[in-house]
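Would you mind keeping the following structure in view while I ask a few things?
First chain written, first letter: the chains are A, B, C, D, E and F, and each begins at residue 1.
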Amino acid sequence: MRILVINPNTTSEMTDAIERTARAHSSPRTELECVTPPSGPKAIETAYDVAIATYHVLELMVSRERDFDGFVIGCGANPGLDAARTITNKPVAGIGESAMMTASSVAARFSVIMPTVPGGAALGWEGVRALGLERRCASVRLTGKGVLDGFFISWDEMIEMLYRAGKLAVDEDGANALVLLCAGMTGTKEVLEDRLGIWVVDGVISALKSVEQFAAQST
Amino acid sequence: MRILVINPNTTSEMTDAIERTARAHSSPRTELECVTPPSGPKAIETAYDVAIATYHVLELMVSRERDFDGFVIGCGANPGLDAARTITNKPVAGIGESAMMTASSVAARFSVIMPTVPGGAALGWEGVRALGLERRCASVRLTGKGVLDGFFISWDEMIEMLYRAGKLAVDEDGANALVLLCAGMTGTKEVLEDRLGIWVVDGVISALKSVEQFAAQST
Amino acid sequence: MRILVINPNTTSEMTDAIERTARAHSSPRTELECVTPPSGPKAIETAYDVAIATYHVLELMVSRERDFDGFVIGCGANPGLDAARTITNKPVAGIGESAMMTASSVAARFSVIMPTVPGGAALGWEGVRALGLERRCASVRLTGKGVLDGFFISWDEMIEMLYRAGKLAVDEDGANALVLLCAGMTGTKEVLEDRLGIWVVDGVISALKSVEQFAAQST
Amino acid sequence: MRILVINPNTTSEMTDAIERTARAHSSPRTELECVTPPSGPKAIETAYDVAIATYHVLELMVSRERDFDGFVIGCGANPGLDAARTITNKPVAGIGESAMMTASSVAARFSVIMPTVPGGAALGWEGVRALGLERRCASVRLTGKGVLDGFFISWDEMIEMLYRAGKLAVDEDGANALVLLCAGMTGTKEVLEDRLGIWVVDGVISALKSVEQFAAQST
Amino acid sequence: MRILVINPNTTSEMTDAIERTARAHSSPRTELECVTPPSGPKAIETAYDVAIATYHVLELMVSRERDFDGFVIGCGANPGLDAARTITNKPVAGIGESAMMTASSVAARFSVIMPTVPGGAALGWEGVRALGLERRCASVRLTGKGVLDGFFISWDEMIEMLYRAGKLAVDEDGANALVLLCAGMTGTKEVLEDRLGIWVVDGVISALKSVEQFAAQST
Amino acid sequence: MRILVINPNTTSEMTDAIERTARAHSSPRTELECVTPPSGPKAIETAYDVAIATYHVLELMVSRERDFDGFVIGCGANPGLDAARTITNKPVAGIGESAMMTASSVAARFSVIMPTVPGGAALGWEGVRALGLERRCASVRLTGKGVLDGFFISWDEMIEMLYRAGKLAVDEDGANALVLLCAGMTGTKEVLEDRLGIWVVDGVISALKSVEQFAAQST
């Protein structure tokens, strides 16, 4: 089966990170392509960014829909997800939605870890509520850095940044699982699980696994 | 990794069906054991059945917890799921919860297909609402048969029964995916997807895939 | 004060209709400009249409923001409304949101009259719920025609179409006011009020009046 | 068109303030009458005050209904609003309801500024929730003074009192607009907008503008 | 302990009926007084009636508060209940609120039986929702007669009227208990329980029993 | 009438305390039996405890159902309540549910006083929300001691512990009534009411009074 993974922002280094995670966790029968849209925001932090990114995600969906069996939208804000589902009958997963649904499938309560964006934690809670999962969400914790500031740092700094936010979620909010809401945080699941002792959901993996359950049939 | 799949009712033929699906879809690295509790209800249709089955699920959890890396509770009513999560830090998925969360990860709106039980579709809606997914649920459709009456029939009769309910969900309710809420319906996903043209979620598969994303780390 | 009225679809005849209503009801101190975006959907009926129209609305907002004191987005689906509010501090009203808020300001319960679109009345209810007004909404009634089919008809046919839907809302649903959700229905308020005996909210008027209350200060 | 503006409390100085605002903002075609009920509470701060004021508002409504084309109830608690709408088909607006609906028509999120009453901010939130607008309300901020204590002060003191509460709403709660919930705060909109840089909703104006959109037709 | 039972309407025959029930079920230590207000609506069917009755209930509360240890407001719409609780620290129960709370204390789901009023069953549902009990309410069933038309009939006719509505609630809605929402239905509990085989809640009894649990202490 | 009172934990001293309260407040016509299940948790503090206790409560219900006219489940977590209602048509009350419903029948807002359990006040709020009473609950206050630690202390220590929690509820949360959520707190109602000056709901009394209203008819 062929799955198209769309990074809705135009930071190609983030597309590379998403691709590394996806290739490491895809089924042997899955054929992957990871794409960066030709234009749009470098990072998605506001309702305006989401609207612009949505447009470019949908352009990609329209032009490539016939060539794939399933789709992953690689941004925690799920830009274009609802609209994409109206232009294809194939499975489409967003990493934000999928990560929260998967966390809710294995743990009593999850905390969301997200970049510090204008609007703050309220934006994260809005996303949680839009999915109806507010009773499952222990807290929304910000990393203290924006999307790109938290991505273009060393591995050790990133782990430290996520560990600090996750530790507060565990110790003060009683979280049983963490949702990494930003694609820029991908690849850190195992290390964080080791250090924090709770389950960490990487939306790239969970979205891919969800799509594979259904795209598999269309080959 | 070792995963324990618990069939909360005492109908061993249903445990066998669950096991066939689980073995067909588990990762090569997964070691499975499927168990039937020594006593309890033959089928789980009422709040009373759920309460009794919960007790036996928890007995199994307590006695076998150390031997496994993750757990699947193989009943759409998820008996004992909340309590099980308080006695282990390992991932525990219920097939009812997991199926609805997975359907919500790939499709705009799902319909629930469930046996005809006392209390009717209202019970199914209660389960949907408990997860916060009422805005994602297009309808709850009953099969016209109870849990055991709908299980101990021929393959053709079962497919016909599920097809009829699913067809109504597609044609009249606008469902984009079907959730098979009863473990007795397992194994029919591919045939129903072919005949109905929409995605069908088999909770045994989705629960297993969710647990595998996390249990994998604990080996 | 200068107000920019944006018709989010590319049907310029609809922009003309919106402009006629806006000019007839604007304050003497208001200077209006009504624009049609250079590209985008001819009519906005699906989540996909909304996403594409949003992009073009935001392009217009970005390029013209400095020249105006307030903005009206002339589509019942309010495309780009949330994002527009993040890129300007000036008042921005969507005719769908504004019409429902205004109906709720003068009447106990309103009914929504909207074109027949894919997804049907469920889409209208989604809009109502997104604003938190479900307890104020008596019903959502469809006209039986799509956006353009219901716009490119004679005056008499349009009045008859809206009267029929409105009459059901009054007689069967107990509505105290009607919300005309589509910009293509603008200009019919007075005739419908005379025939139906209840208040009719034309979002073009209500959005303009709301913006005028605030844009007035920025001159 | 003739509009009756009812001040539900018996403080005639407040009726005068309401009348000044209403006259300054009414349409040239509007004929206004502002009335103080013969008896009732001097200020409306508790559920008991609301109940008593409701009675006197309804007496006025019953005796004057035939003489007017629309009605404004000039108190943020909207006493008698629901009942008034059952005894007339003409538009009836309450300044509390109308101010929140209008704020929601032009801004992403509003804060409520209200007098310090027994029960505190919880009362304000109750009003917000009754309208379904809790997702649009950034905060409820108290002035530190009761209804009459905050009214019978100098202009400078009143502006300072409202500015302080509004500043906290802007700086700490992220409000995009302010709702002045008490009729005793009327007339301060322009000054506060200048000092705070965000939109301020004076319910007397917004209620009048809403009623004018509909009462206009009945002449 | 002394308990004041207020019939909020001015139909003294209904006060008599309320008094008969109250005397038959009060504790030996309870001293009862049942009063009819000097003026107000003959029956309470609309929001306007509620507002007027509220005023007269509060007048009675204010003038008699010192003489009693607890209060019962004998109308299913609970007029003045919230305001009454702000002017006394003694227990105040409304028969509508109390009946639904008591039904929820002993049965899974109740149906409301109420007179046919303008606005219909929607009014009953509003009352249920205001208490947060919508998940416990199986249905709202109308008797087909208004408050007075259903009161001034023979005993046999009243029983037949209530039996018919209750039978539908049992057979079609799955109710486990009935709430008689109107004080005019008092005195029929035992006969209806015998004929219908489910529990019937007479708000006069349940309100009295609730108040007795607390008023007892103040003697 | 015969009423069975079940203490769902196996601490017989708590059964004795429940029995003392029940005997002191039951009607002369009531015949009581209070039972301790043969096995199960000594105290009920977690979801796991609830699940195990539920099993034993249902065993008792099944074996004794024929001998009684009504049932009280003497634990604030109401273990087995929903299931019990599916195996009998007789009234079944849980002291947690009943206490909150009764508090809501006489007071504007109540606070819950509960032992300090794993999960903290969030567990109490979950119980409040499950009943739909969140708008009536002023706060959940913990005693600082677990179920047994707060039971096996001297009378003076228990009163002091409950008084401290209740005082905070009155002074800081504005509670009008207290709900004692744990059966181990029974018997303190009068003393606490005297010291705190607000109503205190002892679920053993309120559940008994609710059941007596209906069980009375079945003799």
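Quick note on the criterion: contacts are C-beta pairs under 8 Å (C-beta built on N, C-alpha and C of every residue); 3 or more make two chains touch, one makes a residue touch a chain.
Given the structure is predicted, the values throughout are model-derived calculations rather than measurements.
By residue number, more than half of the contact pairs of A-B reappear in one of the listed pairs D-E, A-C or C-D, namely C-D. Of all chains, the one whose mean C-alpha position sits at the greatest distance from that of chain F is C. Taking C-D and A-C together, the pair of chains sharing more C-beta contacts is C-D. If you average the Cα atoms of chain B and of chain F, the two centres end up 35 Å apart. Each chain gets one centre point, the mean of its Cα atoms, and the points for chain B and chain C are 45 Å apart. If you average the CA atoms of chain E and of chain F, the two centres end up 26 Å from each other. With centres set at the average Cα position, the gap from chain A to chain E is 54 Å. Listed for chain F are residues 82, 85-86, each touching two or more other chains.
Across the interface of their complex, chain F is touched by residues 70, 82, 85-86, 89, 91-93, 97-98, 101-102, 104-108, 131-136, 176, 190, 193-194, 197-199, 201, 205-207, 209-211, 213-214, 217 of chain E. By the touch rule above, chain D contacts chain E in their complex via residues 46-48, 50-52, 54-55, 58, 80, 82-83, 85-87, 118.
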